[in-house]
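Notes for the one structure printed next.
By written order: A, B, C and D. Residues from 1 in each chain.
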């Protein structure tokens, strides 16, 4: 994706943007860091865009919204959903961002390479649908689909919701993403098994708050979990209850606003599949209140900020549960 | 786990000030019986029930949590209970998804005139939770020490 | 029970004195009725109300006071709110003493001392002043400049009037920020007053008060020609352990709880500006 | 030197376990590894590192300090200290082993933290040489030798055997209790060591320069403009601090359970906005100051106070776990560029 860097230069020198939000090259190929570039020289020196630029940049725009002038940003399809949701929530002014949509075939991550058992990674080359990885212990080839970030495994959409210009082709929503399959599998389990599954996952939580801090939907100036008067500001998962509480409430607070960007799972240092909590809410909302995708447009009301007089009763949980369990 | 025969569940009932709280009163003045282990917490509207309250109740020793509000369409604030209904539906579904027994949570619409319904609902809910036994999956051991 | 520096002892608040509308002085003794521990002027202790929180306070009483520890505490947060609502006889937990304290027996010995305090900033100095009064012959001249917003906000006003002012060789200069009817003393801010008084630059200065007072008084003292290594102050940052382990009260490589709270300005000059 | 065939490792673990609790790195379903108590089903994780460091064994994330019963009559202290039993920590890598020294200098300094000290005294640390170092490893820069890690016992592994070298009294006591250990072939352990040394020479971060950081560098580094750019993307989460083997900051919090109050300590992070927040103000108001604190502490403040020893062991966990891939290597290199 050479075009991205070129575009960044063009936007800065052409005066379309006062700064560009993109990625800064790292020490190695797999560790670019989000960065703000104010000059063409900086872009020339440090800007990078490749298969390992997976981070969702939209949340940084909340802070940049207060800066003077226009920020140009490169958004992948899933990032664009987050941005639209934030604009909808009046956290970002549309006119303060210049959006360059970047078509995406899925992003890769170091974590995926490690999971695939590749040790001592030094560098990589893209070879069609595969990555050739040079390591300390010899070369190896991994299919791109096996090197994908967890959040890209079930891509929901290749459509860039809003943009000022586009690099690559506009895509469509992915009808058969299969992103609810895992949720459905869990729903089919017995309550005992589900409980055991989640205890096993959530008990590893170290309350580092990475999931919360990276989440574009968690945009509160002061989080309830940081409020000493809330009675729930225990920094550590001091008891299994605290972990449950934290994750249930966090998922609930973003329910119907979560665009399913998957950043929570990507950043979890303990590899907890947190997206499965969010997807459960999304799946329920779709099934009970009609299909709804947060961030897909500028005007529909999120399900929890809306109601129908004929909505189902909470007892539906028993009815549906009865069918399943 | 050995279930003590004399064990009685602790039930927290969040009741809307404008309907079910009065309904509870009415059932009292009518001398209708419902178990004493139902602890009523008055809230200004069913939609005041923050999901955190439900979890907090379980943490602090509740074995079952029930929300009582005005019948849909009768909310004192016009639409509060409609929002509460969606929220509780999703919350209960999430608790179920996490493997928490779904019978520990319930929503029931009880008007100020339905003293009998209030008592009947509580009796029934207490029986359901008693059958389930102690809340183990959402407990906080520190609160039981 | 096994002891640990983090496990406090229980103290009894035996007496509470109302100093100003928002400052009270709490006298604390152990369960055995004795002073909980010995300390050096300028040191601090952790007081806590279980269930509310724990916080660090300067010990206001002089080590020469044999029966108890005293703390002058301004109401400004959870723990202090709770303390202010207490009645004598109630219990708190206490652990300490913490910090380096003032070098009363070394660097201060034989020196002329100038104490400069603003508002509740008198609390940490109170201990030193009374220590020096007790061992009066070990020190030279003692000057005290103390200011507050109003007469009512002067901490320990009774003691100042009845004891300090009446003692020979101790010069107390009081000032308040604005004129008020029952006040015939000096009116004005502390930094200006210090400059007006134009103290001898050979004096050792001990200063405590709000940051803005410290900043301008220090400027004034510099103008007068005081050396920075002759001026002491005491700092405060958020603390949890007070043992130099929990990691939050550092300024550069110094921990306020362990290496401080008392610093000389030439020492502070070596530290990054992050306090 | 002793040795035991790899296919008899379970017997070795069973023998240690019969004596005292044994913690070994074990792989979880999701691919991560963690130190967990050995059981008959447990398999030794043969990958390089656990995802969290080994510090948990001595400095757990949450620990009860003391309890209080508060009543009209007054306050009563309750002993809530967990009893510590002797245990063996097996499979610690060189980096984590060094981190214990770094933590010791904080927790065992006067006044001694007895909670930590008890656990340290109760533990026998068995370290394991790193056969396959990662490209994110830079422990060499801090003078750590992963081919011969320090510990009560040092072990090497080749395709056939585990070689076992006791170094301390504790290590010798454990060795004596393990009669199934056979006489070891030192030459073979030496060969493992040499193989590791050869890999170390090829690590990309082996030449990390530390001359521009360290004790006495506060003035030179504190006001550097690079901090702003380095910290611009920082999310302010605590992932780096919580996986770090040397991060030791903690918070003391209380939990009211109705009948009593429990005072506990838990890990805290200088990256959090409330870490230094006071009612009187905030000395580190933005993420830049918090970020700077973390790295200045590791690279300057700690060395200032501990004879030049860095509070980083080059384990590379923060390189892997940071959500935005900012890390200590980038900080060290960025500060170097500007120093020239």
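What we mean here is this: a contact is a pair of C-beta atoms (placed from the backbone, for glycine too) under 8 Å apart; a residue touches a chain by one contact, two chains touch by 3 or more.
What you are looking at is a predicted structure, and each value in this text was computed from that prediction instead of being measured.
Asks: For which chain is the distance between its Cα centroid and the global protein Cα centroid smallest?
Replies: Going by the distance between chain centres and the overall C-alpha centre, it is D.
Asks: When the contacting C-beta pairs are counted for B-D and for A-D, which pair yields the higher total?
Replies: Spelling it out, more C-beta pairs touch across A-D than across the other pair.
Asks: What is the distance, in whole Å, between the centres of chain B and chain D, each centre taken as the mean of its C-alpha atoms?
Replies: Centre separation, chain B to chain D: 46 Å.
Asks: So how far apart, in whole Å, are chain A and chain D when each is placed at the average of its C-alpha atoms?
Replies: 30
Asks: Whole-Å distance, chain A centre to chain C centre, using C-alpha means?
Replies: 51
Asks: So, what's the distance in Å between the C-alpha centres of chain B and chain A?
Replies: 36
Asks: For chain A, jot down the residues that touch at least 2 other chains.
Replies: 228, 238 - these are the residues of chain A that touch more than one other chain.
Asks: Using the touch rule from the top of the page, what residues of chain D touch 2 or more other chains?
Replies: As it turns out, chain D has residues touching two or more other chains at 251, 255, 268.
Asks: Give every touching pair of chains, nothing left out.
Replies: Touch list across chains, by label: A-B, A-D, B-D, C-D.
Asks: In the complex of these two chains, what residues of chain B are touching chain A?
Replies: Per the touch definition, chain B meets chain A at residues 51-52, 55-56, 59, 72-73, 79, 82-83, 85-103, 105-107, 137-142.
Asks: Spell out the part of chain A that touches chain D in their complex, as residue ranges.
Replies: 26-28, 30-36, 55, 60, 110-111, 114-115, 119-122, 135-137, 200, 204, 206-210, 212-214, 226, 228, 234-238, 263, 266-267, 269-271
Asks: Once bound in the complex, which stretches of chain C touch chain D?
Replies: It is residues 1-8, 10, 12, 50-54, 76-77, 90-93, 236-238, 240-241, 243-250, 252-253, 270-272, 274-275 of chain C that touch chain D.
Asks: Which chain D residues qualify as touching chain A in the complex?
Replies: Checking each residue of chain D against chain A gives 28-32, 34, 47-48, 51-52, 61-62, 132-135, 199, 202-205, 229, 232-233, 235-239, 241-243, 251, 253, 255, 264, 266-269, 272-274, 319-321, 323-327, 329-330, 333.
Asks: Can you name the residues of chain D that touch chain C in the complex?
Replies: The contact residues of chain D facing chain C are 65-66, 68, 70, 74-77, 79, 81, 106-107, 109, 111-115, 218-219, 222-223, 248-252, 254, 256, 261, 263, 265, 268, 270, 275-280, 283-284, 289, 293, 296-297, 300-302, 304-305.
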